[in-house]
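Got a structure for you, questions after.
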Amino acid sequence: MTNYVYITRRVVFSASHRLYSRHLSEQENWDIFDKCSRAKGHGHNFELFVTLKGIPDPVTGMVMNLSTLKTILQEHILDPMDHRFLNDDIAEFKDLLPSIENLVIVVWNRLKPHLGELLYEVKIIETENNFAFYRGE
Amino acid sequence: MTNYVYITRRVVFSASHRLYSRHLSEQENWDIFDKCSRAKGHGHNFELFVTLKGIPDPVTGMVMNLSTLKTILQEHILDPMDHRFLNDDIAEFKDLLPSIENLVIVVWNRLKPHLGELLYEVKIIETENNFAFYRGE
Amino acid sequence: MTNYVYITRRVVFSASHRLYSRHLSEQENWDIFDKCSRAKGHGHNFELFVTLKGIPDPVTGMVMNLSTLKTILQEHILDPMDHRFLNDDIAEFKDLLPSIENLVIVVWNRLKPHLGELLYEVKIIETENNFAFYRGE
Amino acid sequence: MTNYVYITRRVVFSASHRLYSRHLSEQENWDIFDKCSRAKGHGHNFELFVTLKGIPDPVTGMVMNLSTLKTILQEHILDPMDHRFLNDDIAEFKDLLPSIENLVIVVWNRLKPHLGELLYEVKIIETENNFAFYRGE
Amino acid sequence: MTNYVYITRRVVFSASHRLYSRHLSEQENWDIFDKCSRAKGHGHNFELFVTLKGIPDPVTGMVMNLSTLKTILQEHILDPMDHRFLNDDIAEFKDLLPSIENLVIVVWNRLKPHLGELLYEVKIIETENNFAFYRGE
Amino acid sequence: MTNYVYITRRVVFSASHRLYSRHLSEQENWDIFDKCSRAKGHGHNFELFVTLKGIPDPVTGMVMNLSTLKTILQEHILDPMDHRFLNDDIAEFKDLLPSIENLVIVVWNRLKPHLGELLYEVKIIETENNFAFYRGE
C-alpha cells in the first residue's frame, strides 16, 4: 500500500458565456442550444474543484501545499476567467464552443503543465442541476 | 392570534450583468466596481426567494396555491430574465444600475401588481457570499 | 439595549403526507393539489428550524441549553412525526390538511407550552424550492 | 488521449417508501429496519444524479444534449416515481425491497436502454446523511 | 416608500473555543456544557453573515460598497478571529463565555463603530444544526 | 454483472488541530503552515463520508445495515475525535502531522478492521474549499 491520497481545492468564479456555433444556422443553434444561444450571453457562478492524487510528504503531511495550488489557480484560471465573457476573453474558445464539457478540458489543459502527474480531476459545477468532470482520459 | 404564515417559493435563473454607470468616468467605474465593470459583463446563478404572508385557507391549507405563484414568477421574472443580459434586456435597467440591491427592488415592483398585500419579501442570492432582500419599506 | 439574541436549532425528519380534502370533490382535489393528492401520499425530508429569542445567561452564555431544546424537540416533534404518515399519525391532521403552512402552525402549537415566551419562530423547509415559517402572529 | 468527459444531470423527486420484507417476521422487520418499517411508509426528497461518460461533439461541445437527457429522465423516472409510494407504484418493487441500494439499480436498469454505453453512474441522495451509487459493475 | 434594501455579506473563519466557566464547578461545567467543556477546546467553521439596511445610492446602486465592508470584516473580525482559540485570543472573552450567543454580540460590538446605523444583523452559523443572530435590540 | 452498489454514510464532528512539525524550525513552520501553525490550534466541522462497496442482500436490500455502520463510526471515530484536540487526543498524531491528508488515512486505518473488504473510500470535508479522500491504494 502506497498511501495515495486525493486532495481537492475548490474555487468559485463568476463568468458569462454563449452557446452558439458559427458552423450551424441560426435555426440549428436555437434548436440545439435554445435560450443558451442568445446573442449577449448569460452567466453562472462556476464552482471549480481541482483534485490532486499523491503521497503525503512524511514531514508536512501534504500532497502539495494548498497555498501553492491556490496561487496556480489564481494565475491560470481565476485571473483570466473570473468576471469575464468566456467566448471572447479566453483564447481557447475562439474556435471551440464554451460548453461545460469543453470548459473542464480547457481548465485541465491550462493546469496540466503546472501540476503534472499530481493532477487527477477537474470538475466544474455550472448550476445546481448540471456539472462535468475530466480526468485526462 | 390570526395565524399569519409566511410561505416562500425559490426559483433560479442564470443571467449576466455589468456594473457600470454612464454618469461616472472610466476610472471611477473601475475604482468602484472593479472587475464587475468589465465591458462584456459576467454572470451568476441568481437564486430568487419570494415570500408571501397570509392566512392559510381553512379548506386547502394554502396561503396561495404555489402553482399559481410559479406561473406568475415564470411570466414576470423567469421569461424576461433567465439567460439574459440584464443591462440590455430589462427595461428598468436602461437608466438604473443592475446591482443586486436594485435587482431586488425591480423584481418586487414587477411582482407587486400580481401579489398585492400577500407579498412580504423578495430575496436574491447572487453568490454564496452576498445576497440582498427587500420588503417594500 | 437589552441584548436579545436569537438562537436556532435545526432537526430533520423524514415523513410522508397527502394533500387532499374530504370537503372537495376528486376533481377539485386534483385541480388544486395535482400529484400531491395521490392516494398513497409522498414524502419529504423536512428540515425544522426552531428559533428562540432571549437574553443570554450571564454565567452560561446561553439563551436556553440546546440540549434541553433537543430533548423537547425529540419528544414532541421527532418521536411522533419522524418516519410517519402525517395525515394518519398526527392527531391535529385528522380534520386539518397537512400543508406546509398548517404544519408550521401545528409544530408551533406543540412547542409553545414547553418554550413559552422564548419561542420566536418555527420554520420548515419542505423541498429546496419551498418552505414556510410561523411566528405566532 | 481521447477526451472522455463526464457530465452529470441532477433531478429531484419526492416519494415515499417502506422498508419491509414479506420474507421476514414482524419482529425481524423491526429489528432490521426499525422505524423505516412502519406500515404507512415515510418519505424523502430523493436527489438523483445521472452521469454520462463520452466524447464531446466537435461542433456542439456536448456529450449528449442535456435537454434530451431531461426528457428521458422525465419519462422513465420522474413521471412514474415523483409523488408516488414506491412499494406499490413501481413494478420492480413488487418483489424487491425499495432500499436506496436497490433503487439505484432500478433507476439504472430503466435508463440503460435509452442511454446505452454513455451511462456511467446513477447516484441517489436519500437524506443528507446517506446516499448510494451504482455503475453497472 | 423609501426603498430600504437589506444587503448581506458572508465570510467564513475557522476557530476553536471552549465552553467552560470559572464560576462553576468541574461537575457543573460538565453537566451544562458536556463535551464542549473539554480542556483543550474544539473548533468550527464559523459562517458569519453581516446584514446592512440602507437606501441604494442613486448612481452606484449600492447600500455600501461591499469591498469596503470586506475590508472592515477582514480587519476587525477575520484577522483577530480566524485560526485562533477564541477564549484566549479575543479580549472580550477573558471574562465572558464564548458561546455562539455571546459571539454574535461581540462581533456586533466590534462592527458597530465602523458601520453605524447601517448595521442591521449579525448572524453566525456554528454547525449545520445551530446558529444565532443579533440585531442590537 | 454482479450488482456492486456503493453506499455512503455521512457523520459530522467538530474538532480542533494544529499544523506544526517538531522537525521544522519555527520559521519553516510559519512559511509552510502559516496561521494553521498557531500554538493553540483552530477548528473545523469535519464532514466524514464513509463509502462501502458490496452486493445488496437479496432479502434486506442492504449492503450493510447502516445502523451497524453508525455504531462502528460512533465507537471508533466520533467518540475519540468529536470535540477533541486531534494533536493531543489521538494516538496516531503523536508523531504524525494531523493534516487532512493524514486524517483520512488515520480514519481508514481505524475503520478497516471493522469493515474489511466492504470499505471503499473515506472522505473528509475540512472546509467548503478543501477536502481529501483515501481508497487504501
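First chain written, first letter: the chains are A, B, C, D, E and F, and each begins at residue 1.
As a convention for this text, contacts are C-beta pairs under 8 Å (C-beta built on N, C-alpha and C of every residue); 3 or more make two chains touch, one makes a residue touch a chain.
This is a predicted model, so every value here is computed, not measured.
> Quick one: how many steps at least from subunit E to subunit F, stepping chain to touching chain?
The fewest touching-chain steps linking subunit E to subunit F number 1.
> Which neighbours does subunit B have in common with subunit C?
Neighbours common to subunit B and subunit C are E.
> Among the chains, which has its CA centre at the largest distance from subunit D's?
Most distant chain from subunit D: E.
> Between 0 and 180 degrees and rounded to the nearest 5, what angle rotates subunit B's CA atoms onto those of subunit E?
About 120 degrees, rounded to the nearest 5.
> By mean C-alpha coordinates, which chain is most distant from subunit C?
When every chain centre is compared against subunit C, the largest gap points to A.
> Starting from the mean Cα coordinates of subunit B and subunit D, work out the distance between those two points in Å.
34
> Need the CA-centroid distance for the pair subunit A / subunit D, whole Å please.
28
> So, what's the distance in Å between the C-alpha centres of subunit F and subunit B?
41
> Give the residues of subunit C touching no fewer than two other chains, as numbers and ranges.
Residues 128.
> Is the chain-to-chain touch network here best called a line, a ring, a star, complete, or other?
Topology of touching chains reads as other, fitting no named class.
> Would you please name all pairs of chains that touch?
Applying the touch criterion to every chain pair yields A-B, A-D, A-F, B-C, B-E, C-D, C-E, D-F, E-F.
> Write out the stretch or stretches of subunit A touching subunit D in their complex.
19, 21, 23-24, 32-34, 96-102, 104-105, 128-137
> Which residues of subunit B touch subunit A once you look at their complex with the stated criterion?
Touching subunit A: residues 12, 14-17, 35-36, 38, 40-45, 82-85, 88-89, 127-128 of subunit B.
> For subunit E, which residues are in contact with subunit B within the complex?
For this pair, the touching residues of subunit E are 1-11, 56, 59-63, 65-67.
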